[in-house]
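The data blocks that follow each hold one structure.
Two complexes come next, and they have one chain in common, subunit A, joined by subunit B in the first and subunit C in the second.
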Partner chain A sequence: MRDASPAKIYALHIGVIALLFALNFVLPDYHQGLFARIMALAVFAMGYNLLFGYVGMLSLGHAMFFSAGLYGAGLTVYHLGWGVPEAFVAGVACGAVLALVIGLLALRTSGVAFMIVTMMFAQVFYLLVLYFAAWTGGDQGLVIQQASRVITIGGASLDLTNPTVRYMSALTLFSVVLIATLAIARSRFGRVLVAIRENEERTKMLGYDTVANKLAAVVISGAICAASGAAYALLFGYVGSSFASVQYSILPLLWVLLGGAATTLGPLIGTLFMYYVTDIASSFTSAYLLIVGIALILLVLFAPKGILGSIRQRWLGWLP
Partner chain B sequence: MADKNGFFDLSKTTLSRRTALKGLAAGAGLALAPGFVRYSQAQSSAPIKIGFQLHRTGIGAAYGRWYEKTSAAAVKAINDAGGINGRKVELVIEDDGTDPARGAEVVGKFAKQHKTDIVFGTLFSHVVIGSAPAAGENKIPYFVVSEGHHVASTKLNRYVFQPGITDVKSQIQSMAPWIAANAGKKVTQIFPDFAFGYDHRDYLPPALKAQGADVIAQIAIPPTESSFTKYFPQIPAETEVIYHVMVGPAVLTFVKELGEFYGSQRPQLFGFIDSLEAVDVNSPGLEFLDGSHFWEGSPRYAQPDDTAAQKAYRAAVGIDDNGAALGDPKDVSTAAHMFGCWETLYVVKKAMEDAGYKGPEDRAKLVEATEALTEFAEGPEHPQGPKTFNGKIHQCFGIQNISKVEGGKLKVVHKTKIEDGLYEPEGDYTTQAL
Partner chain C sequence: MPLLTTKGLSRHFGGLRAVDGVDFALMPGEIRAIIGPNGAGKTTFVSLLSGRIRPSSGMIVFDGADITTMPAYQRVRLGVAYTFQITSVFANLTAFDNVALPVQRTLTDGRSKGAVRTGVMAALERTGLADRVGTLAGQLSYGHQRLLEVAMGLALKPRLLILDEPTQGLADSEIDNFIALVREIAKDATVLLIEHNMPVVMQLADRITVFNSGKILAEGTPEQIRANTQVQDAYLGATHG
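Our next item is the complex of A and B:
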């Protein structure tokens, strides 16, 4: 990565946030709603990217962290009648604690074994969701009623089902996580993570506790993914086991690969790209997954580092 | 592309990659464009647009295909008779991939991009439950043909209706008197270990108890299971009836293995046809089902006492006397459920006419007009049979069929009464704000 002034880098990111803010006022209704969903899920991809892109650890179980947030927030609202802020915190906490436990166990492995172990844990989580169907709603899931999705602060209330409030809430979460991941990527901790990805043995020899750093990365990644899940439950009002299925472990991997692993903005671009290819292709043919597949193959052939990764490699070497 | 010497060099791909990316970007831009065009409001003479949320792909695709055929036939019949309020009806189809997240997006797309008048369709419960919040938030009436108890449970919202097919709680309750009187008093249930199975697990025992019969064992089979023999020793020896509701591709293995386990000496078998929707009952391995009984919403096979309305419906949808597509005997329909699409569209027609519906601004009126409906008489619009409708729980109640597998066909041996399936309402949607 060629050096660039921090001002330039932060200006780019703030510019992206400003653009997304402005889009709220110009996007047609449907696309405004879709962008809110994409931003919430891009947070999931950013959490995944932290571990996969920066540390180089390929997890096939991140659906469990997303769902920990989804259920942590959704079930506390549904069963305990908690408010939105407390439920969101509960969701993030569930993801962080789960990530800590899974991290302690799974970090005893690496490479292919890490993939398999994370996938197995995610499968256990998925089956537990089905097993405790009396509380989770199992495969049918649960609806979080509109009345429960209102934030009341003092006399004012924010209705998360209002399209603009929902868009701005998703944008706020997205912005916080984007700036946080940028700060992590540029921090000493972030450099250590990249060093682990490039050569773990050498990083150890240099005196870094690689296991502790990797564990921290797993926990932060899990917490970010859980924040995405919690936001998804509260913004869109549905929690269901399909979000804990293996499909939702693969999706963030695809989004990150498409957008560009180890790029801060890649997860957003990847999520946006996949969503729109699916949405547009499905209007023309029922074989839209074929088109998505072809698009993926083309990208792998012509831009193996993902969209932003390739742009960084060719033109903008300073991109974080 | 030429290299610096002016020769073509195919090994250098820089330019082609760039070209490809440009092409992709241009293509994406072009494809995006239609999505950003703001659609004009429907004029009074413009067609009524019904957003059809369809399982075109995913696990529900077999149902989706027949839901599409049935709905297209109903729309044709409605349009041939003058449409709704003098306006033609048009189906706008979007695939939900049998996925709840995509289902919710599709509902949003209908409301905000296609600007349809209502949303209609879909079967799988998780898609309905996942989509319901989007329908409520967009204040767009959402008419489902799902048979799940979720609508009647009043856990969804005021915009969700199920007026064309009975719910599973009602269906199960209706079966109990016949099972207790004709099949046996000691029942063992075998069901898939997920929500569809839980409805049967929870609603059958009290319904049987009321008839003086008992569920003596409940065997839940994990959804990932592909072999079932190891579960069969759990069936108590005194079992008189095995009540099975296995679904999905594993059902053929399930029946085959059950046959191998029991041989010729078996208890009575009672199942829900959901297991075998779109599957030929004469498929190899299903011989063991001969003589057993099934619930059917609407009979798959033509019956000797079919009404003129039933015959006309079957002809319009394009199914033969065996319930398969005309001209393709192997393309077996989902007859027990798809009639719900036909009937729901006629309920929509009736409610829109009652409400004097003109456009999306009348959606609240449409909700109230639907809630005010109470009865649907048997006839061309309701060929499955008469129904009552409870506007407080947005659910219809109707007759059910019990059919026996005889000579490779399903023969209706009993029709329940509407009253058999009634239960106490669990809530009241009409108290919710519109």
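Our next item is the complex of A and C:
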């Protein structure tokens, strides 16, 4: 973030949003759907990046925050018949509260112990989802009917199963979270988070309560990941225990590493890249995971800071 | 009334009495130097004052308040600033961001007013680093990193600034500037410094405290300390007579 004019930075981010908006009208149906999914999951990656990229805390349990949002929204719609906006808020609230509780416990540790503790909590969450299969549908999951996924405002109604409405809803959430993470990264709070990543002991000796700042970061990160989960449930109409499994704790880490940790746009680029490599590879061969793996190894070897991280390092030092 | 006092302050590491029952008082506005041989407990003592480590027993009073069990970050907000013995600027952040962290702290606490940038530039100008504002701290020369460290301490608007071996690794030309800088700082803050460079100590300090084996061996003006035979034995190593 050296010598960057704020106007240039905001122009870049608004430009990315405008590009995604325009893509809705040119993308073929299949890719329009894929992009909606990618934008919703990029929100997950952005929430993960806030904690991993900026504060330097590696969690292996973020699937629990994503699925707290997923189930918080999905179950209130399915069992209680809540409307879409209320269910979305419920999902985000579940994630934030869960993050607060987990944060209070897990922040007693750091480094490898933090990774293990978060992973264990996520595993508990996963097993609870399976245990309460009567309500959650267990590994079969639940399908949320189309009729439940309509927002009615006054006389108008928005059907989230309509591809364009779905795309625009995902884009709206993505844009809000992108601008929010940009604002956090450029704020005084963001500066303290980076300082904690660089040298926590020193940050304390500048008068900062580092534990309180880390807890705030965990809660914001958890809430953003839950927003992604809630949106996923409402936009794609399915909640299932696979989203709470350890795979969904590793994926955001991969997306962020690929795109570039501690960059605002890296999570989008990482998610997009991973989805399309998988998509293209699987059209050629059933061994597509091999190709994905090779692509990942090449990236780690030649661009260890991720796609955007390497671009920032070599050419564009002003990128936030 | 003293700005800072300790009573029977001790810190033991296992069987080692690193700091052993120290009674110490610091008057507002003075420049105090702490000297002593390696392992005398100087750094442990100032770490106890700053809150980086907890005492085994004893008491610390700052400006009339008992701060013995107060966490380090709260002491900083009261005005106790500490600069590290080993340079620990944020190497991957710019000089600006390094100083912005303490500046925004004092703004949040209501101890200063204005914009972050104004405060940062004031601290950088005072330490002669204004033209390095956009440089990554890790790319600054060693001497400049030490100065940046001081700028960060200054930006905290401390009432007590603790400097742990600030001239270590500085060139002679840089040391002269440094002495002028500390005199400048001492106009609005009390300064406590650990220092090995005796010419610096003799020029700067109003009073000197000599540590040996975790205890205060002697205390007085530079002249008194220079003339003290016990100090000569323990530290200055001179064979007198």
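Methods note: the second predicted complex is superposed on the first by the 319 of 320 C-alpha atoms of A that agree within 3 Å, B and C clash if a C-alpha of one lies under 4 Å from a C-alpha of the other, contacts with A are read in each partner's own complex, and residues count from 1 in each chain.
Quick note on the criterion: a contact is a pair of C-beta atoms (placed from the backbone, for glycine too) under 8 Å apart; a residue touches a chain by one contact, two chains touch by 3 or more.
The structure displayed is predicted, hence computed values, not measured ones.
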Partner chain in contact with A:Arg37 - subunit B first, subunit C second, else both or neither: first
Partner chain in contact with A:Arg186 - subunit B first, subunit C second, else both or neither: neither
First, second, both or neither for A:His13, with subunit B first and subunit C second: neither
Winner by number of subunit A residues touched, once subunit B and subunit C are compared: B
Partner chain in contact with A:Lys204 - subunit B first, subunit C second, else both or neither: second
Overlap of subunit C and subunit B interfaces on subunit A (superposed complexes): none
List of subunit A residues in touch with subunit C within their complex: 2-3, 188, 191-192, 194-195, 198-199, 201-210
Contact footprint of subunit B on subunit A as seen in their complex: 28-31, 33-34, 37, 127, 130, 133, 137-146, 161, 236-238, 240-243, 276-277, 279-280, 282-283, 286, 288-289, 295, 298, 302-303, 310
Subunit A contact footprint on subunit C (complex, rising order): 50, 52, 71-74, 76-77, 81-82, 84, 88, 90-94, 97, 100-102, 104-105, 108-109, 116, 134, 152, 156
Footprint of subunit A on subunit B - complex, ascending: 17, 20-21, 24, 28, 31-32, 34-36, 38, 56-57, 94-95, 99-101, 104-105, 108-109, 111-113, 125-126, 129-130, 132-134, 136-137, 148, 150, 155-157, 193-195, 198, 222-223
